[in-house]
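Here chain A shows up in two complexes: once beside chain B, once beside chain C.
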Partner chain A sequence: MRLLMWWSGRALSSAATLLGVSVLIFAAVRLMPGGFAETVLGPFATAEQKAELATRYGLDQPVFMQYGHWLAAVSGGDFGISMISRQPVGAELLARLPVTAELTVLAVAASVLLGVPLGVLTAVRARPGGGGAAGRLLSGLGVSVPEFVLGSLVVFVFSRYALGLKVGSWVPLTQDPAANLATMILPAAVLSVFAISVTARTTRDAVMGVLVEPYVTAAVGRGESPWSIVRHHILRNAATPVVTLIGTTVAYLLGGALIVEHVFNLPGVGSYIVQAVGRRDYAVVQAGVLLAAGVFIVMNVLIDLLVGAIDPRLGVLAGRRS
Partner chain B sequence: MRPLRLACGVAAALLASACAATGPITTPTDAAQESAAPGYLAVADQALAPGGTLNVQVHIDSGAATGYDPQLADVATTWQLLSLSYETLVTVGPDFAIQPLLAEKWDTPDDRTYVFHLREGVTFSNGRKLTADDVVGSLKRLLASKSVWVGQLGPVDEIAKDGDGKVKVTLKEPYTPFLAALANVPAAILPMKEIDDKSVDPATTLLGTGPYVVEDHRQDVSWTFRRNDAYWNQGKPAADVLNITIAPEEAARIAALQNGGAALATLGNVDSESMLAGAADVKVVTQATTDFYYLMLNSLKPGSKLADPKVRQAINIALDTKQIAEVALGGKGEPTAVTPAGLPGSCDPAALPSAAKGPDEAKRLLAEAGAENLSFTLTIFNTEPAPAVAQVIQQNLQQAGITVKIEQMDEASWSGKVYGKAPAEFDAALSWFAGYADPGMVTKWWNPETAGFNAGFMRPDPALSAAIDAAGKEPAGAARDRALAEVCAQADADAQMIPLVTRPATVAFRTDALSPSLYATEGYGNVLRLVADARVKKSR
Partner chain C sequence: MSLLSVRNLVIDYARTRALDGADLEVAQGETVGLVGESGSGKSTLGSAVGRLLPRAARRAGGEVLVAGEPVFDLPDAKLRHLRRRHLGFVFQDPIGSLDPTMRVGNQLRLVLGRGGDVRFHLGRVKLDDPRVLRSYPHQLSGGMAQRVAIAMAMATSPELLVADEPTAALDSQVREEVSNVIFSLAADAGASILWLSHDLPAVARRCDRVAVMYGGRVVESGPAREVLGNPAHPYTAALAGAAPAAAAHGVRLEPVPGRPPVLTGPSPGCAFAPRCAFAEERCGHERPAPVRIREQDVLCHRAADLEPELSRRREVTA
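Right after this comes the complex of A and B.
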């Protein structure tokens, strides 16, 4: 019963969040400067052609009616038609999703495989008054440098000096996995810098918090090996904030993918949205943002379930989270 | 320790593989450009075997909202892509010479009549033979459409079949740019039988007589063309497959060129050539185009000082177009009048009335107009080199005591502000026109009654409009040159749109992967005009 109530609550709050996002994004795209007609049809279009375009896409109706029609369509799985390509937005998002998913998975993998060990290492080796400063500086830099700066730098260096990893020549994974990886490593690396830094910092803080717990002192007193202590006492107890962070990082990385995909010319959801914003392709922007919000919500639910599995005291049935 | 080892191992492996793949850096030579024939930047080596896949990257996809219909295409980037599948009766050759294409020749029994002799053996890519009905139907369809190109096609009176394989076009009055207007994609010959019986919708399907057929198109991602095996021009196209990737970021196109992902790419930033200066096997060439930047001064904004011709004249006089070309375009563009510099018959911009005057005259005119402390906003889009052009304009006008605030925005916002309302809301704006292939064509955009898109910020100038029409009627020769000079002088005095400098196209290609043909000049922004000639050296 409690589980059912939890799921009901999450479903309701998720629906409310999505509804709020839908209102905000719908209003935001219409408040953007620059008319869709001039952008989509170009400067040579006549007033008649502009009116035809508006009628075709229902953009001549009152805004609240446009919103109602759009919301009804989206509820039925119809994300609308792109004014630029005149193709269904849903199909195009689906075609581009694998690129963004691959990029995100690679970036998350890098953040876990590098960020967690680095965080543990810097925590267990930290000494009072020394150490950790360099790590904090590096992670601070990693958090601070925006993707478009780092991405542009990487594109310049790796295009100017080749170095084997390709930029601007994306190949589908299904066509040639090796060539695909060669084109995805750099954007994934750029995207993961922030995530690695944050993961390392969070892991370090979490581990250091656990290190002072009595059960760790007791384990040391029992003569357990350092690896055994890390594995059995530290990692599991420090995992909750790290898992939560990684979950939210996935959603953050989807946002970062907008920039990285554009800079590296990857045909993912991010570059689709960036181009759509530039061309005032309303349906695409609305669907893209709604999709991102949906992913964020799903990730939050997964985090809650995962945290509950790691520490049942914090689980969905413990009555402490909803 | 293990995490540290793992991290070090990954880093070392990446570095090792990266260093091992580093190629030699050499300085490119100008050999290809030096050896090209007159009128060409490069000529494809016909000794190379045909076949292979040609990978090209461009910065933007087709305009698309109107679909693939060539008659409704109104920007050069769309013309370029559609020209791979569609052909016109005539085409533009080196140095803007009009040459036969689907019409193997034409007669002009008088100055108002053109009889086109259609080429034998031409088929659409579905295998159906091209007929005179397709030609007649296409041109009639164009004239009945909302295409902006109707204004360029001129005073067409009648289009009719003239026996087997011939089409006669009669004009209401002489119109010299007619053939040049026929040479552009909106005047392409469409499969009218299929369009009429509705088995083909040109908005969604490309079915032409051109060298390539579309295999796949993903909007804003890529095009894949394969050779049209039934193409009438035997031996062409040389490449079996043509992949065109849309790469909006210039840095990504440069990267693709350097790492071999692209064999040819178009570049927009004037600094890109120097960025590629040390790249191995990459050659950068600059194609002179008739496209040019111009400054729009809004004379319709209520209360604006720019409505006063003296104020606009002062601005025109204060502009130093040579400096704009040198500083903002790295010396690659050149000053132009309303007739694009470089086109045969165009006016000399140095001979314009405004060119002989200086900042003192500009200040005097401003004083006469009571606008000594003139200040206005210049609205520009953020694509290079527009910001650089705007900065030089700002500095030029400062010499005459005019304060210019630059307002930079993305292209959509810019379009909305410049073309969204009538009267338009901007003070001044920067843009560029494709200059086409005849000096009289683009001058038509100086008449807002023909170019409705300009009606939001400029008033018709009857004297200028009359001069434009008169120049259109004059046959090529000294009399037309004088008529065009009059148009240039009138536009210079009107100064609602002030021509600035030409906008060259930069093209880069890999010499180890491709032997392309490229004209030295281009009027319709079509870098891929000769792509059917290009020979792929090896599959990459």
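Right after this comes the complex of A and C.
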């Protein structure tokens, strides 16, 4: 019963969030300076030409009418037609999703496999006073160097010295996995720098917080080995903020790593949206943002379920006495 | 040879001095109450026994011997072995000292290993409800959680159990039961107890010996009845006078006047001198050396000439 209440509550609030996002993005797209007609027809188009185009795409209708039509179509699963490519937006997004998903998997795998151990190690090894400065500097750099700077740098370096890796000329995974990986590793690495830094930092802080808990002192007092204490008492208790962070990172990357995909010229969701914004392709931008919002909502529900499974005090059914 | 021997131990935190040359002996099978105000160094001394001090703590001198082994000079593996073989700890916060994300049964099994009988060990602390095993710590009451913590500490049959105010966070009616469990389990196992407490009457009732801490030193130690009933150190006398149960009906409780010191380095003289009614000139700049008064070891310059005075005062208030 409580579970049912929880789920229905989550479903309602998710729907409300999506609705709010749809209104915002619909309005935002139309508030961008330079409309669709100007972008397509160029600066020398006559007023008649623009009016004709607007009528053809229904852009002359009142905005709330346009919104109503769009909302009705979207609820039916129809995201409309790209104004530029004349293809269904849903199908185009779906075709580009695997690229973005692969990038996400690679970057998140790196941040879990490297960031988490790095965070645990630096926390356990930390000495009072000194230490941690080098780690803080490195992770601070990793967090604060913008992706377009690092991305451009990597593109520049590897365009000259390939080292077996490729920039651009993307190949589908299904066609040639090795060649695909050669093109995906660099963008994934650029994304990882940020993801690993944040993960390591968050893990370190979480572990440091757990290390001073009395149950860890108690375990030390029982003579348990450091490895056993990390495995049995620290990892799980420090996991909540790390899982939350990784879940958010997944959602953020799945919504399209806009800059990195664009810089590396990958045919993913991110570069699709960047292009669409440049061309005022309203249907695509709206669908892309809605997709990103949807991914965020789903990931947040997942995070809540996971966190509840990790820490019984935070669960959906917490407070129930056995 | 003593089971536990603390010799002139000095522990510093970043800027403050927590222990300023503490001495303590605990013999095999003996129960020792360690009493003193908050900030007197009780908890630091208790933690130092197993080298469980916070990372910021630093030993500036002295040593701790457990079964003859120098705790602070052991390599990590030997120290772990010593903790497993000889030591057990029970802390003040019962729920906090259990892992919040692990079921109680699993925590016990982790301590006991494969062959361990979880039910037996819970039975020893008078927890027979099998639902406890499936519970998480936050689903237990403080008293139940403390029993679980005691079961875990006693599971490996330690020779010395360090209990840092294990009942301070519990309801008063549960307090007695939990204390009973600790003392009877230790008595059955022949284990020693170092019992850190504020509760003088309970210490007087349960412990063989008492050590009184002030300003990071043990200022008086000896048989419990003697130390609390016939104190030889002015501080102990004041503390015993302030304990509720020591006062007869109608007699005003006399709190120890002044506040306990916060040391930043070695105390130049007797740390209690500023609050002491009997202090004289040398008390302020000369560190007292231990003297033997009756059955007590006392850190007080004037212990010998104060003996009749303190005895007389006891008779007046009694």
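Here is the rule we go by: the second predicted complex is superposed on the first by the 305 of 322 C-alpha atoms of A that agree within 3 Å, B and C clash if a C-alpha of one lies under 4 Å from a C-alpha of the other, contacts with A are read in each partner's own complex, and residues count from 1 in each chain.
Everything that follows uses one rule, which is that contacts are C-beta pairs under 8 Å (C-beta built on N, C-alpha and C of every residue); 3 or more make two chains touch, one makes a residue touch a chain.
Fair warning: this is a prediction, and the values are worked out from it, not measured in the lab.
In the superposition on chain A, A:264 makes contact with chain B only, not with chain C. Of the two partner chains placed around the shared chain by superposition, chain C is the only one that A:236 touches, whereas chain B remains out of contact. Within the superposed three-chain model, A:113 lies in touch with chain B and out of touch with chain C [touch as defined at top].
Ranked by how many residues of chain A each touches, chain B and chain C are led by B. Shared-chain residue A:2: touches no atom of chain B or chain C. Taken together, the two structures place no residue of chain A in contact with chain B in one case and with chain C in the other.
Taken together, the chain A residues at the contact with chain C in this complex read 126-128, 212-215, 217-225, 232-233, 236-237, 310-313, 321-322.
Residues 32-35, 37-46, 48-49, 53, 82-87, 92, 95, 113-114, 116-118, 120-121, 152, 155-156, 158-169, 185, 262-265, 267, 271-272, 275, 278-280 of chain A are the ones that touch chain B when the two sit in their complex.
Against chain A, the residues of chain B that register as touching in their complex are 2-4, 6-7, 10, 14, 17-23, 25, 57, 63-67, 74-75, 146, 148, 204, 218-222, 245, 247-249, 251-256, 258-262, 275, 278-279, 409-420, 431, 452-453. Within the complex, the chain C residues that touch chain A are 47, 50, 52, 54-56, 80-85, 87-89, 91, 93, 96-102, 110-111, 131, 134-136, 138-139, 149, 152-153, 156.
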